[in-house]
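Structures for review follow.
What follows is chain A paired twice: with chain B in the first complex and chain C in the second.
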Partner chain A sequence: MSLKKYCSFWIEQHLFVIDSLKVTSVRGMGALTPVPGSRQDISGLLNIRGDIYLVFDVGMALLGRRSTKHIDKQLILLRHEADEFLAISVDLVGEIMDVWEDDFHPPGQPDHPDDLNMELPVLAGCVSGYSVQNNILVTLLDPQKISQMVSSEA
Partner chain B sequence: MKKLRLKHQIALLVFVLVLGLSTIAAIGGFGLARTYQQVEHFTNVINLANTRAMVLRGNLLNAIRMEKNTILAQNDADAKKYSEKAQYFSSEFERSLTDLNPILTKVGDPLLIKELSDVNDSWLVLKNNQDNIIKLMGENTNVKAIRLINGDLRSRIDDIEKNLQEMTASDPSSSSPKRKSGIGLDVSKEYQVISLKQKLSYLLERTVLTLLRHNSEYDVGTMNSYSKQISEYMVELDGNVEQLKSLISLDQVNSIRLESDIKSIKALVDQVIAYSFKNSNSEAAHLTTTITPEYGTKADNGIVKIIDTLHKEVENSSSTIKDVYYSAITSILISAIVAFIVGVFVAQRISSSVNKGVTDVLNLSSNLAHSAIAVNKISIELSDQSEKTSIKSAEVSSMTDHISSNVNTMAAAAEQMSMNVASISSASEEISVNVGQISTAAGQTSKNVELVVQNIATTVKALESVADDARDGAKISRDAADLAQSATTSMSALDLSAKEVNKVTEIIKMIAMQTNLLALNAMIESTSAGEAGKGFAVVANEIKQLANQSARAAEEIAKMIEGIQNDTRVAVDVIGTVNETISRINASSTRIFEAVGLEVTNAATSTESLRSASSSVSEIARAIHEIAIGTTDMARNSSEVAKAATDVSKSSSGTAVATQGISSNIRVVTDAAQLTNQSADELTQASATLQQISIELNESLSELA
Partner chain C sequence: MSAQDKPSFFHSEANDHLVDICMALLNLDDLNHDRLITQLEGVLGKLFLIKKGAENHSLTKIASLVSPMEAILKALTLSRSVGHSDHLDQLLASADCLSVLVVDHPTYERTEINDHLAGLQRVLDQLESQDNMVIEPEIEDAYTFTLSINLKALAADGFELIDVVAHIESLGLIQAGLVSTPTVNLLHEGPMSPIIWEVTIVSGLPQDDFCAQLALTPFLKSEPAQAVSTLTRTIPPSHVMVQPSDPSVPSRLSGSRAGGLRISVTLVDQLMSLAGELVLLRNQVRRSVEAHQVPSLQTLLHLDGLTRGFYDVVLNTRLQPIGNIFNKFPRLVRDLARQLDKKIELVIEGAEVSLDKTILDALSDPLTHLIRNACDHGLETIDDRSHNGKTETGLIKLIARHLGDEIHIILEDDGRGIDPDFIKRKVLQKELLTAADLEWMDDEDVLRLILLPGFSTASAVTDLSGRGVGMDVVNSNLESIGGSLEITSKVGSGTRFYLRLPLTLAIIQTLLITAHNQVYAITKRDIEELVHLHPDRLDAVIDRGPHGEIVRLRGQLMPLVRLTPTLERAMTGLIEPPLPTMIESVEQGILAVVKVGLRRYGLIIDSIVASEEVVVKPLHTALKKLRIYSGATVLGDGQVALILSADGLARFAQISMATGVSPAHSKTHSFLPTLSGLLIERLTKQRFVIPLDSIERIVHTKVSHVQEQDERYYLTIDEKPILVANEREVRATIDALDPQQQLFSILLKSEAGQRALLVTYVFGVEQIEEQQFHLLDGMTGPQGAILLEERIVPIHDLLNFPHLSGEPFERADPGTLERLGRDLV
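The block that comes next holds the complex of A and B.
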């Protein structure tokens, strides 16, 4: 088992992580082009150096409500496959965390007694595992599953 | 207002001011009472409801969490602990729900009551579900099955395998002359025994695995198929054991032991299957992943709606309190302005009334002066007449000496003259008395005017003192206004500087945030680079720390700037208020100074006029006194003339010329006396006028007093 780097981010008071190798870059929110008639969790389209990214409001998808904690959201650009350019909008990008791979337990076996996320069935779609770091519950998201979630309900 | 005395007018002004202040106080009190009511409603009802709703939500989520932890507990002690906590939070939730109901009723929004009722309905389902889960977890059959599998069953299987190993090793057929195997059997038999033992182990292992699958399964159909599979394994196991027994010769003890072991395994398998079929843990897990999320989310959403509605109520209450507060302030200001206007109006009326009184006094003084001049003329005329009368009387006297001895006819005329002169004398005496009275009245008037002059002088001194104070006050006000203005200018400059610093601070924060993102991107790229990126990762980390420090410093500066700006705004407001107050004081002082100046000038003029009137009246008194003396002399002379005429009457001689002269002289005296009488009448009238003027002056002065 090895120590891996994870890119962390906050949505409201919940801390999530994504494998750093699956992340291209992080940036502030630019000028979004909204897509009329699209789902509520699709924030819009963003042109970054010629590539058109679909911006996905992961907070809306995971928690079922639009987070109002931060006015200026930030973006995490995910490594794209083929023609899929996906970015997720988050409240605040956190640190790059070093976590042992096997610290993450699959869903259904949480370590933390204050696991709020267990109550929300929608999370199971893209959650890979949970871990407790410094007494804070950290939820590992799978970018592939996020992408599937975006395209499956489109 | 004209008919009221000055002290009544001042009393009216005071009454108006007190009434105005009372009105302001009443309106202010009413406004404050309304504000208090709103604040109380907000504090005691809405805020309390909000707090209780959030406590309710917390209890709900904790109860659900503890329920899940009960299921996921690794051992019985933890399961019991979490189930007790779940029950505790459930009872707390119910208590919070009961407490919240009356408070939401007080808020008065029927939607809130409905939402709470929906939450209650969802909770009833959740509570029932929780009780079932706790009961099922108490049974804990799946865990017991696993314990049996991993405990007794495994050890029994190990025992069988060990026993079989021992049994096959001590087989008596080992003395056979046939080719010996390691276990004393021929090869084919040995092979069969090994194969059977392996099959036995395999069957037992498959049984264990199938039992585990059976235990973790929720669907009854699948469980039945697993049970069927396990039964087949048991039948096969029996077959294998029989074959094994036939291949190896077991003594009775071993045989019984083997049978006993197989029997106990079967019994354990049956027990495990029975536990698995009860499936209490799976059932509890199923309940917690189906019913709990559905109704838990419903209840949570209901509570969130209640909290959102209460937040809106908070905003509404806040704006209502503001409105009430502003309306109270507006009412107070309007009342103050109205009271001020009414007070100024009343004061203006009183001031004009006082001015009118002073004007009346001046007019009266002027009239008094004119009357005094008239009296003076009259007295001059009287004096001329008296002189003429004296001259004529002297002539009469010399004439009568000449005719004293010889006129008979003069006797009757002289007698008549005596009678006329006697009446002149009495009339002159009467004149003398009346003039004496006029003199006394004029003297009294003069004294009264002197008193008025003295009072006016005192008033002038007081007014001059007030004017000095007002002038000093105006000067001080101007100085204070200048200071306040310069302070306001300094505060404005400070505020501008603070705003500039704030802008720079925002830029620093933006730069810190961008630097942070840059450092994160550098870390991500260094991760992609793998080992080669480790050095870069260190540099990126340092940059990130620097960015964080910058952001923190900028935050602290922004907080300080905000504090300074708030203090500056407060100071500017206070200085503005002071400035306004000083301006108003300055204006009032100027007006007072001008008004007092005017009054002093008027008072000085009045004093001068009154003094001259006083001196004129004194002169009048003196002249009248002299007239009185002259008139007395005239009376006395007339008496002597009467006596002389009587002597002439007694002697009865004289000449016609002398008699005519006497007659004519007496006629002249008579004319003179008539003129004197007329003059005396006019003097009496003038004195009466003067007396009337004095009375009116007294009245005006007493009004002023």
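The block that comes next holds the complex of A and C.
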């Protein structure tokens, strides 16, 4: 098992990480174009260097409410596939964390924290694993599954 | 990777040849004797090129299938007949198999050709057994030689190509030829590669005699080793054959020209030239910026012209003739007619019309389905037609027209038509809708019910159609490429499918509008006209109908959609449309008449921001199910704007649209006998009507704004120079006009770039009924005239002026107008 770099971010008191290789960049929020008729967790569209990104509000999907004002949020741009550009909006982008791959326990393992799974019903399908780092529970999200969830539940 | 795994130029070429071969074989029946021989020889030549290419790529299956086909065609050439129709079927089936081998690279190895070889052999046997068919002696007496001649070496020795050809011809009949210039690595050798002419000659001379004759030719005497690199006698074609083709299986010969996009060298040259100009302009702008100067307006105009030029050329690289897919339909119709035991004539018009390759590729399946339906359901059997007093042969017309930035495709048949009552019964029977839903539907709406998923009127499922899937897929496929489908039908007379498609999906002309405090784009081709609403206006009134608001515009009723409330409803997740309430006061509203196929609805928008060309970006999958939007774009200020879908908006608003006046209703002439026209006063004070469909928009201007440059007149609109179309009229009158006089500039839709008509006054829109309209046949100027307030007013068909020459008004024949005037009065 190898030591991998993960991009960490916060939604209220929850700490999440995603594989840093699946992230193209991190930036502040811009002026979004709302999309009337779309789901509530789709914040809108944003032009970033000529590409139109769909901004997905992870907090809204997680908690069912906007945890922070739009403008205070930060964006994590995910590595795109073909013409599908997806950015997730989070409360705060954290540090790049070095974590051993086998530190993450996949969901369904006997020692995985069921209570957290209960707390994150929406994102449960996007969780690849859990780990405790410096006494903080870290949830590993799979960007591919986030992307699928955004597309499939539209 | 083997040769067959990777598409190459050969594959693309071979596919093109196969399309041509198929077309040529289908036309054999209609040809006279001389043309028949020419056609057969042409097919033989193309088959030869495919065979040689296949041999070069080690595609032995292709080569071995071509050989017996060649043998049959040679036999037909010698017998000077088209053979039995079964023979043609077998040749076509073999061509289909060849197409699979050429196009479907992954299935090359798995594709079996033995059945085809056996079938072809049977045809050859049949041909040989015919009394009047003498194949063997002719073939045995004729020898086929292939020469590879190094033209470069011959030219170096001072021989003229024409002499070389003449000498070769003296040896026998040149059957085919291919000039090739082998690729060289310029790092290792200079550009001195040989130019090889590979020529096939059919000669009565045996090989030794042929070689002896060759040796006598002066160019071979000088440098025979260099000039002729190979001399071989081809193996006499083995006699082979095919099984009868299955008409229910569609031809695999797709005209889509697999394996990429072929671009003419002229277009590449134009791109290079534009790129060169762009570099110069960049240097110019850089110098200005370095000198702290603002680039001049002229520079911006130059940049605008270059951008337009680039767009046009790049668009042209993507445009392909629609004939590429139309060409496969004669075969389809022929096969279906035989299977259904009907007589069907297919008339194709406008095969030369071009459109974007992406759209072309997506159009093939929907059109195939519509034609199958027309043959199977649309046209009656021979007995039924005779019983109904119709000709035995049913007619299917497939017409493509280029109108502005749209392509219109009309598919019509003279069959039994669609009975709306029958559709209603079927819909109720299948419980797709309720009787209450059907109550308020007009016939147009009822006909559209055949687009519902699961709808089928066929009493029995056949091999061809009747499964109830298809028309909804046809419709959704067309919508996915920004097209629309409308259906009109008359029981007993026939059905017409009217397809509207954008010319390209990449860059579109839009109107930027505001609603819900956001900027949205709406495609200009979806907007028929814009009307300012105000309380005093009597010809545009908003009223309440049984199912919501309606607008009455010049006597025509259409449903109304208010954009901002509709988007607000979408924002809050409400699906149901609001109940009709008090009519809102519309003091400053703008009404856009939006067209969806043949139907219209009114759209109230808050304001218009600009008219802009935008680059269309696809929506994320998560938003594609929202049918209100067809795409998104990035505006000049970096903001994202959603592009509204005219059809999607109407569906979301749940309105029922009425059919308006449309080109589809034209019956007698390419011009529109029933139309909305703008009544204007020319600079010469005469009145004229211009069809609304020809007009992009109207702009206020002044006499002083007209600028003369190189004897042509220009106006600057949206910071772009626009050429004045009626320049002769302007030249004759402009000096007498007050520089401050207000004029109207009518921007016309034209393929040849934007043009403006300068007029002194715009009276308004006139609805012209068919009976008011009188065609002027054989004129290139006005296409007709009407009587308005006891005055003869000519009408111009500006849509059919693809090359506006600058004086469209000047060609009217006064004599004809006078005659017409007498007739009218």
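The rule is simple: the second predicted complex is superposed on the first by the 137 of 154 C-alpha atoms of A that agree within 3 Å, B and C clash if a C-alpha of one lies under 4 Å from a C-alpha of the other, contacts with A are read in each partner's own complex, and residues count from 1 in each chain.
In this section, a residue touches a chain if its C-beta (ideal position, glycine included) is under 8 Å from a C-beta of that chain, and two chains touch if they have at least 3 such contacts.
It should be emphasised that the depicted structure is a prediction, and the values quoted were computed from it without experimental measurement.
Trainee: Identify the partner contact of A:Q144: answer first if only chain B is touched, second if only chain C is, both if each is, neither if none is.
Mentor: neither
Trainee: Now for A:G50: first (chain B), second (chain C), both, or neither, which partner does it touch?
Mentor: second
Trainee: Of the partners chain B and chain C, which touch A:F85 in the superposed model: first, second, both, neither?
Mentor: second
Trainee: Is A:K5 contacted by the first partner chain B, the second partner chain C, both or neither?
Mentor: Touch partner of A:K5: chain B, not chain C.
Trainee: After the superposition on A, what does A:T24 contact: first (chain B), second (chain C), both or neither?
Mentor: A:T24 contacts chain B only, not chain C.
Trainee: A:S38 in the overlay: touching chain B, chain C, both, or neither? Say first, second, both or neither.
Mentor: second
Trainee: Looking at A:Q13 after the superposition, I want to know if it touches chain B, chain C, both of them or none. Which is it: first, second, both, neither?
Mentor: It touches nothing on chain B or chain C.
Trainee: Jot down the residues of chain A that show up as touching in both complexes, chain B in one and chain C in the other.
Mentor: Common to the two interfaces on chain A: nothing.
Trainee: Which part of chain A faces chain C closely enough to touch in the complex?
Mentor: Going by the criterion above, the answer is residues 31, 33-39, 42, 44-47, 50-52, 54, 83-86, 150-151, 154.
Trainee: List the residues on chain A that touch chain B in their complex, please.
Mentor: Going through chain A, the ones touching chain B are 5, 7, 20-21, 23-28, 74, 93, 95-96, 108-110, 113-116, 118-121.
Trainee: Help me check something: in the complex, which residues belonging to chain B touch chain A?
Mentor: 61, 64-66, 68-69, 72, 289, 292-293, 296-297, 300, 513-514, 517, 520-521, 523-525, 527-528, 544
Trainee: Spell out the part of chain C that touches chain A in their complex, as residue ranges.
Mentor: Against chain A, the touching part of chain C is residues 516, 518, 567-568, 570-571, 573, 617-618, 620-626, 628-629, 632, 634, 638-642, 652.
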